[in-house]
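Next up: the structures, one after another.
First chain A sits with chain B, and in the next complex the same chain sits with chain C.
Take a look at the complex of A and B:
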């Protein structure tokens, strides 16, 4: 079920996992939209987040900074997070800025959901 | 320039520049012209000048305009110069000028206005209808001239305009340089006599003088203040002063750059006088003013022996004619200005200068009038005056008192001026950035605005990440309103508490005296203390607490019983900080909220765009913001494709450009809000230069170490430069006077260049 929130951020839930879609350019404004949506999903009871980058062509450092903030928020809520379908250039950028140490990268949304569901069954969520 | 547009037949008579080149005093010129209208007949206008504000050209332009209008108003312009040594000689010169300009107007022959003519010559030129009364005037003058009654002679000469017979026109006298009238030798105080005669003469007049002197002189002359109007003549604002520099430089054929122009405006604080003589010096020395170094070299030359030197040397000589006393005065002025305690007593000054009380009163009065010191009869505060005056004092002190080698003093002054230049501009840019807050608070006038604009936490929860249209429509639907008070007084916090100067820039912290509902009672009086905190990220709780306590202490020290603290930060406040502020009843806003508040109060933001191009390289100028960095990145992509960069390298170039643009937008306090980009294609490389005007970031050459996620969020924003260095092959900051210029080079790898530039 797709839940449009705001003008550009698409998201939907698969069980207790929310999938949020990043736009073609991840900067301050679009990053904040994703952050807002992630917070909303977590407040609604989601226990895991997938941020899908299939449409994303360019990410700037402020966008990365906001993604790190989202990882922090997820950690505080005891939620797991994965990024899916990140293009090679963006993966390089994430590696350069140390983001990949804090997040699971998945080939696509399906793989991300599988990874997170495996995690949910094996690791209890501690609040 | 005046709103009146001169016709093709407009004749330039006394004006030294054509009307199109007369910039910066349009309002003042209109006001003087209004003074000449019949409704103001018999009224005087006192032009209260800030020292070095410049007034002569304004009065000469007014003369030309009135002359060309050909109504019954007869313009008379007279300037007292330093060449006049006595009140009598100045008054005689006035009489001569009056008759000459009267006849020039009556004959409609501008050349007569400034021809070297004696009274006898003028009598011969007088139109037949005027011959009789002018002849009587000259005869009376000749009788009085040898009567040994100086006061009567001075009054007769100054009162000549009132002898014009009815029906021959209304004289409109404009007197320039009245500050010199006070110090002429002889028994007659010319300044007082001018005001006395003009004030009772029944004709309209304009008297320009230093603001601290002229009102005092009007009181001394027992003028009827009901017949006197005043007009304050201050230095030009930055925009008008920049126009003035451009016009004068063009007229003087001196090459200038934008950066040099803006530096001159700031260094001379918009003074038309200093700007004029400086550009004149540049012309005389054939010195183009293209860089900060050009400007400061000439400035130092001027301080040591040019027009600026002569101006201050003349003033000092007038203030203290005796050489030995002058040296003591220079020493005292500089030591007081440079020391921590700038205020001392009259008695201390008297002892240090070895003067009698009367002598010192005279010196202090003159210094006070020139605004070099603030003197209130008991205490003297040094350290005032323009920067050029302070620099002049410093070099005179080092040369005359300390006897230091001239070459050393010159070199030090040049180095100091060069070091000061970027700081001068940075201060200006920060002032511009914060001018919005000052303007905004000054416009508080009991408007009702959505309360969420003063509560960052609520705003963030509701609107963070939302499109601007969504926010605007959301605000329109808000039901919780906040009624602004009416602002009656607004000043920098440092104007109240000097210590604040060391903590923040002048316009970053403001104190506004306001009344709720516009009702002037104790119960409705609220003092707003607003601080704009510099931060690229959300302000955390510690910083918020520091500012809160700082402003609470300020309110306590100043005895404000009811006050309202308002903290502003670019990116708002962390949740913890926002909670603290709500608990302590402080208001909080981000820059975005401030912008929304400004548009509610009627401010229109500006986003100019000026594109340009060149044949063998690509030049582009884009406004900052609005994701315009993508335009630059996409342009680079197209250019890089021509050089057959691989997609991976193209993406690296694009990311680097995006980061460089973000850096320029975030750090620079740019005055024009533009990013200048140059893409130069070479056979084996692409060279991209991203420039912006404004403040040079403190960490410009810093190489940020690899940031861990646990590092402060502030550091994350320093990633841009690190990324650029990683993604590009060469990264270098080019030296520019104003702002930054980042040059980035990406080389074609050997395997890529096989297709190469030959294709």
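Take a look at the complex of A and C:
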């Protein structure tokens, strides 16, 4: 999928979990592309999302709003979300704003996938 | 980094981004939507809407997030309800707080609460409620803090001013468009009036009916060929229509005399350019120099013209164009005392009188316009149409025009060389 800067929003699936990679600066332009990709994966049947922030240095206010939108969409679909490889400053921001109440934070993609698969087998999603 | 510092940086960043968004000239709906996202993202709110007040009361949704698409269908705010926002002790109202009297909240509280809206703020610009911002669902699950209220108030003020400014600009653009349309209509009325005048002038002279209209059109064609801008072309067309308006004061018998008139009557007839100036000068024309073009359309480059005996540089270019158009029409139409002249004869006259009566550059431009029609290069054959069928036909016509153009260009080159040598 093309971003406005010409780069791709990378994503791949592991079972029913989609891993979507955020870009270096999560703002309006890149955020909307990620949101679109997450929607697409959910519509294709994915039941869990990992958003990987390994390349992300900064998330601005629109980025936060868009992430909340993704959380909403995922919740409506009965899907779980994990954020992986979030840098310390962004973790602080997400904690302070309360985003971490709605997502699993994982050290890396592997841990996120394990957490989500564990959740899928032990915790039923309640709507 | 301390969480409070982190929050401050995040909020400042959002305010800076919001200022930039509002000051931008992009799409209005996108501006409102982005601004709302900035507000929601600053405090991590999951639901929000920006609604605008419209004349008559219905609220128009400008941006919506995390709420039912049609939640504002049927929502209205009347003047009394707007007043209750203006008179409130605080600018924001908590939906759950039933103790604060507000008629709008009284009417819509249940629906707002059902959608998860917790906070309603009016956008007040210049003492007027221009819309509302509705928010809810802090991701942290916490209540709104006093710091949150400060941030929200500041951002809502920004958004309100942004919407107000965009609406003002829209109104300005609308008014400018309306003015442009009115101006165009006025110009059309002016042109129609002038053409009616031209017809009235020509009716007085039974042998030259349609003369003023044709002079207007020839003048327009020459000016366009000379590269004049559209406004100037329109102006000279008007000057052509009105160049003989002074004839209205000349005795009809002199104008319609079926023979060459005597010196006394000729002098009477020669008053018409100056009389035309007197008639046209007090009128505020939308184009420049129309009275002067009428006044000087019988001046000659050699100073033997009238009314003032001006010479080359003293004669406005517009008057030179009208003068050629006038003479060309006179030569190519029947008069009471003679038949119209052949095209060959007319070209000879133009060549001989270039530099004496006519400006060579003006004649060259007219000859070029004629050539384009003869060669079929012109979009319309307007001159051909005015001259009538057959007049511009014949194998010799292109050669005549070609020779005229090259002779005049040669004279012009020599003149320029002589001038640079001196």
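Following the convention adopted for this analysis, the second predicted complex is superposed on the first by the 116 of 127 C-alpha atoms of A that agree within 3 Å, B and C clash if a C-alpha of one lies under 4 Å from a C-alpha of the other, contacts with A are read in each partner's own complex, and residues count from 1 in each chain.
Simple rule for what comes next: a contact is a pair of C-beta atoms (placed from the backbone, for glycine too) under 8 Å apart; a residue touches a chain by one contact, two chains touch by 3 or more.
Computed from a prediction, not measured in an experiment: that's the story for all the values here.
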Dominant toucher of chain A (residue count), chain B or chain C: B
Partner chain in contact with A:89 - chain B first, chain C second, else both or neither: both
Partner chain in contact with A:62 - chain B first, chain C second, else both or neither: both
Partner chain in contact with A:29 - chain B first, chain C second, else both or neither: first
Where chain A meets both chain C and chain B, residue numbers: 60-62, 64-65, 68-69, 71-72, 89, 93, 96-99, 101-102
Footprint of chain A on chain B - complex, ascending: 464-467, 470, 627, 629-630, 633, 648, 651-652, 654-655, 658-659, 662, 706-709, 713, 716-717, 719-720, 722-723, 726
Interfacial residue positions of chain C with respect to chain A in the complex: 1, 3, 6-7, 10, 13-14, 17, 34, 37-46, 65-66, 138-142
Residue ranges of chain A in contact with chain B within the complex: 6-9, 25, 27, 29, 32-37, 58-62, 64-65, 68-69, 71-72, 88-89, 93, 96-99, 101-102
Chain C partner contacts - residues on chain A that touch it in the complex: 28, 60-66, 68-69, 71-72, 89, 92-93, 95-99, 101-102
